[in-house]
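By written order: A, B, C, D, E and F. Residues from 1 in each chain.
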Amino acid sequence: MTEAADNARYPLPGLEDLPADIRERIEYVNEKSGFIPNVFMMLARRPNEFRAFFDYHDAVMENESGLTKAEKEMIVVATSAANDCQYCVIAHGAILRIRARDPYVADQVAVNYRKADITEPRKAMLEFALKLATDPGNVGDSDIEALKSFGYSDEDVWDIGAITALFALSNRMANLTGMRPNPEFYAMGRQDL
Amino acid sequence: MTEAADNARYPLPGLEDLPADIRERIEYVNEKSGFIPNVFMMLARRPNEFRAFFDYHDAVMENESGLTKAEKEMIVVATSAANDCQYCVIAHGAILRIRARDPYVADQVAVNYRKADITEPRKAMLEFALKLATDPGNVGDSDIEALKSFGYSDEDVWDIGAITALFALSNRMANLTGMRPNPEFYAMGRQDL
Amino acid sequence: MTEAADNARYPLPGLEDLPADIRERIEYVNEKSGFIPNVFMMLARRPNEFRAFFDYHDAVMENESGLTKAEKEMIVVATSAANDCQYCVIAHGAILRIRARDPYVADQVAVNYRKADITEPRKAMLEFALKLATDPGNVGDSDIEALKSFGYSDEDVWDIGAITALFALSNRMANLTGMRPNPEFYAMGRQDL
Amino acid sequence: MTEAADNARYPLPGLEDLPADIRERIEYVNEKSGFIPNVFMMLARRPNEFRAFFDYHDAVMENESGLTKAEKEMIVVATSAANDCQYCVIAHGAILRIRARDPYVADQVAVNYRKADITEPRKAMLEFALKLATDPGNVGDSDIEALKSFGYSDEDVWDIGAITALFALSNRMANLTGMRPNPEFYAMGRQDL
Amino acid sequence: MTEAADNARYPLPGLEDLPADIRERIEYVNEKSGFIPNVFMMLARRPNEFRAFFDYHDAVMENESGLTKAEKEMIVVATSAANDCQYCVIAHGAILRIRARDPYVADQVAVNYRKADITEPRKAMLEFALKLATDPGNVGDSDIEALKSFGYSDEDVWDIGAITALFALSNRMANLTGMRPNPEFYAMGRQDL
Amino acid sequence: MTEAADNARYPLPGLEDLPADIRERIEYVNEKSGFIPNVFMMLARRPNEFRAFFDYHDAVMENESGLTKAEKEMIVVATSAANDCQYCVIAHGAILRIRARDPYVADQVAVNYRKADITEPRKAMLEFALKLATDPGNVGDSDIEALKSFGYSDEDVWDIGAITALFALSNRMANLTGMRPNPEFYAMGRQDL
């Protein structure tokens, strides 16, 4: 398990040394996925940051929302690509393929959402997310009105923004720590090919 | 209290409608500071995001650390200025003046840390934080080695990065929601003048 | 008096060594303000540049104009922030607080004019000034028409552009010479708090 | 066959309407690959451009060279990602997986070569290629000396530059014409997973 | 003849050592122009690249087209200036002066096409070309529609894009190899002054 | 005379309506050059700005200096090109050809000083000037030390910076007012060809 993070800049903790709640969350993920994504072991070095990160993750990725889970993952993949975050693009690309039941969309969105096979409202959603990701001070009322003209509610706008904001954090932690994607992610969700 | 956020893009909740734990945290801050910073009421619209945000905040801003509290606030001010975040620069500028017991440093760091009256190691710390804030994909081993050459440990590097990452999130939420600094912040910590 | 410029890259002249006209202008400012802003002593190293600079300053800052003095200072603060000019943001931030009789507006405009408590025509004025400051080759007829649609005359447009142009010069001289804001500026105009 | 390019901005020619030499080249590719990559049909609209493009391609991708075929494809993937070229990243990502016999490297290089599992000389090669791709006027003697310090010869430098230059052209044609990657590319070379 | 390329990074071949077809093309140019433009000798180091380059050049610069030869050269000059390509701006500036029978337009377009004495459709053409040259991933349907609203056909759009793409290649080869403009180019086409 | 500024955004004054000192300066230039450069008539609309501008110009362009007049004009041409200022590049390109007695250097410096036939100290001078022109907040002690290592004195550094600063102003006024180069400039100084 620790091999997967070979090039990381920080040594990973042993699973047995972690607080019980964190160990349980990691063991649950391991059972469900068949492997432990490297983000779990890296952040587990700092238990309080681990807990806050995954609470934030659940708050914006697992909440009741007008966005589908696939749409949320599109935001993660597109903004993480803008931040050159290898871990997030590859790991969430896998999740996006699964959520969208589509083997193509993740690679398309990672390179250029404007040319992806997605609807115009989703392109508008990603355009807004990318502006907030890369030029946050220039996000203005007109951007929000443009987004809402595609049918998004005020709470949808918050969701889009909050996911973008969380991965602005996550991308920086991954780039800081040299977090590497587990090999399992590369092929996940491509089986329908 | 809600007047202070007049121009905000989302209506603020009433304090009486909030879950007890959130209300308590807000009342505690109100007692200690004499006012409720707008970030509390804005994020309280979404209790789970509120809890995760302040847990993350405490995890990186209140932890045992090789960085002083003033140094942490310098990181917040410098990176928030790079993201054009009015709320964070003005609110944390006030906190920086108080933590550093220095009425000048916050305004200096907000405009151009290179010309601020701070030590070379602190300039190196801010140079690293700004690169992670604005160009995260290019942060490399050489940047980390340069930072450590000024005496920072691996855990200090993590702290610098984690604060930068959290405010990458926070700056985007503030710009998304139109969060405004409370009037009280502008003059705080200038009394020694 | 010379202490205030400790970190400057050039030694400051003694007041007694300056030509009479320059010494008189500096003594007049000293009487009126209670201190000598560092820009005066730094530029006085080169008397001809000093004279031309302050003549230009008076020509665009003290002329008959459709712009108020507060509006002119907003342009100075916003464009100087875009150029990371510590001296100009802090010194003219003080002047802006006084001219506008407003303790908040300078800090707001320095970080992000889009979120400042100013009118739409003033936001349009600053948008134009910032484009001329940062991307001068792209200023086109459509930018000027947009500005005039808010009620600005051709001469107002010239004034906005000329102030932006003068501080494009001034910001570069301050960054070149390591000019530092005098301590007096930081608290000026905040007394109404 | 024409279905694959549904979203393209130009109608594709019928294979039967093409000049014999072009038809033969396309039929040869179809036999070898099992499908016709969309770039062939799109460029075939203009036979002279088709011939020149593939002659250039062969001259720099199939020549005697100090670079391996996998290294050449790394240059294509990395620079095409910098140009947001969906067709080139996905099509040449497939070819890179095959040439390198590595199911991971293409996705890594497409997002951030600095974090890819490749040698230092290859990182230096990609750093040079990306500078030439995105900031060609600043490529100087010191960049070339840095590259040669990793063991590259003058002719290797030319090869790296010429591949970068050809795909600067190719990325722009793909973005101009709305060229889309064929579905076959996405899974190619992942079978070793 | 080789003196003209003194500062080039690669030694130039002797004319007598070149393959016959290449030598003939070069001798033809020499007869017609009175000198051998350095691009010919530099690319002749690699005969296959030479042939492909000039075939591509003829395919997009000498084809039947809705664009005039002067318009094509405007695209070359404007996009080459954006890529800081000294050879291409100076050599094609000369050709533009001759094609347009205008001693001023080349210098104007090289610095800022928005202020050049050219028609609005030509400004639209150059705006599109510069976007494709400098930000190819963002070229979208709306850019193409805007261009066509000035009367350009789909094939004209392709021509504009293909010229931009070829000189994206050419600018990078010139910057890579240190190609220098021949002295003859500087004054060509200025004689009508 | 007013024809030359046809496309300008402001109507030019009549020479006879100008204050005597301004009219005299303009008539003197007209006698010496054989024409009135458009910058004179445009700025003459505002006599106080005219006087301050030309006083500043004389203070930095005509002072006793360690820089030659040709070197000063190189700074003007290079930084004006970075600001896309058509008037300044073309007008001062002419002056540079004359001052340097070199028909080539102006066009070279306007496109890419790194490839110009100038000495290494002059390249260092232009590198510094361009950094101050385009990224003034990042000019640091190390840039100044690098420049001085080529033999420049502190006063030379000031001269380089002050010229850059003045043309930061001038480029913005020219772009604001739509100032156009007089036809006479294009061919001046090319006669040695």
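As a convention for this text, a residue touches a chain if its C-beta (ideal position, glycine included) is under 8 Å from a C-beta of that chain, and two chains touch if they have at least 3 such contacts.
Just so you know, these numbers come straight off a predicted model, no measurement behind them.
The chains in contact with chain A and with chain F alike are B, C, D, E.
For the pair chain B and chain F, chains touching both partners: C, D. Of all chains, the one whose CA centroid is most distant from that of chain B is E.
Comparing each option in D-E, A-D or B-F with C-F by residue number, the pair that reproduces over half of the contacts is D-E.
Across the assembly, the mean Cα position most removed from that of chain F is the one of A. Distance between chain B and chain D, defined via averaged C-alpha coordinates, is recorded as 44 Å. Chain centres here are Cα means. That of chain A falls 23 Å from that of chain B. Inter-chain centre distance (chain E to chain F, centres taken as mean C-alpha positions): 28 Å. Along chain D, residues 84-85, 112, 137-138, 175 each make contact with two or more other chains. Because contacts link the chains in a way that matches no line, ring, star or complete pattern, their graph is best described as other.
A complete list of chain pairs in contact reads A-B, A-C, A-D, A-E, B-C, B-D, B-F, C-E, C-F, D-E, D-F, E-F. Residues of chain A that touch chain E in their complex: 112, 114. Partner chain E is touched in their complex by these residues of chain C: 137-138, 140.
Of all residues in chain B, only 7, 81, 84-86, 89-90, 93, 103-104, 107-108, 110-112, 115-117, 175, 178, 180, 183, 186-187, 190, 193 touch chain C in the complex they form. Interface residues of chain C, counted against chain F in their complex, comprise 9-10, 46, 48-49, 51-53, 55-56, 58-60, 63, 83-85, 132-133, 136-139, 141, 144, 154, 157-158, 161-162, 164-166, 168-173, 175-177.
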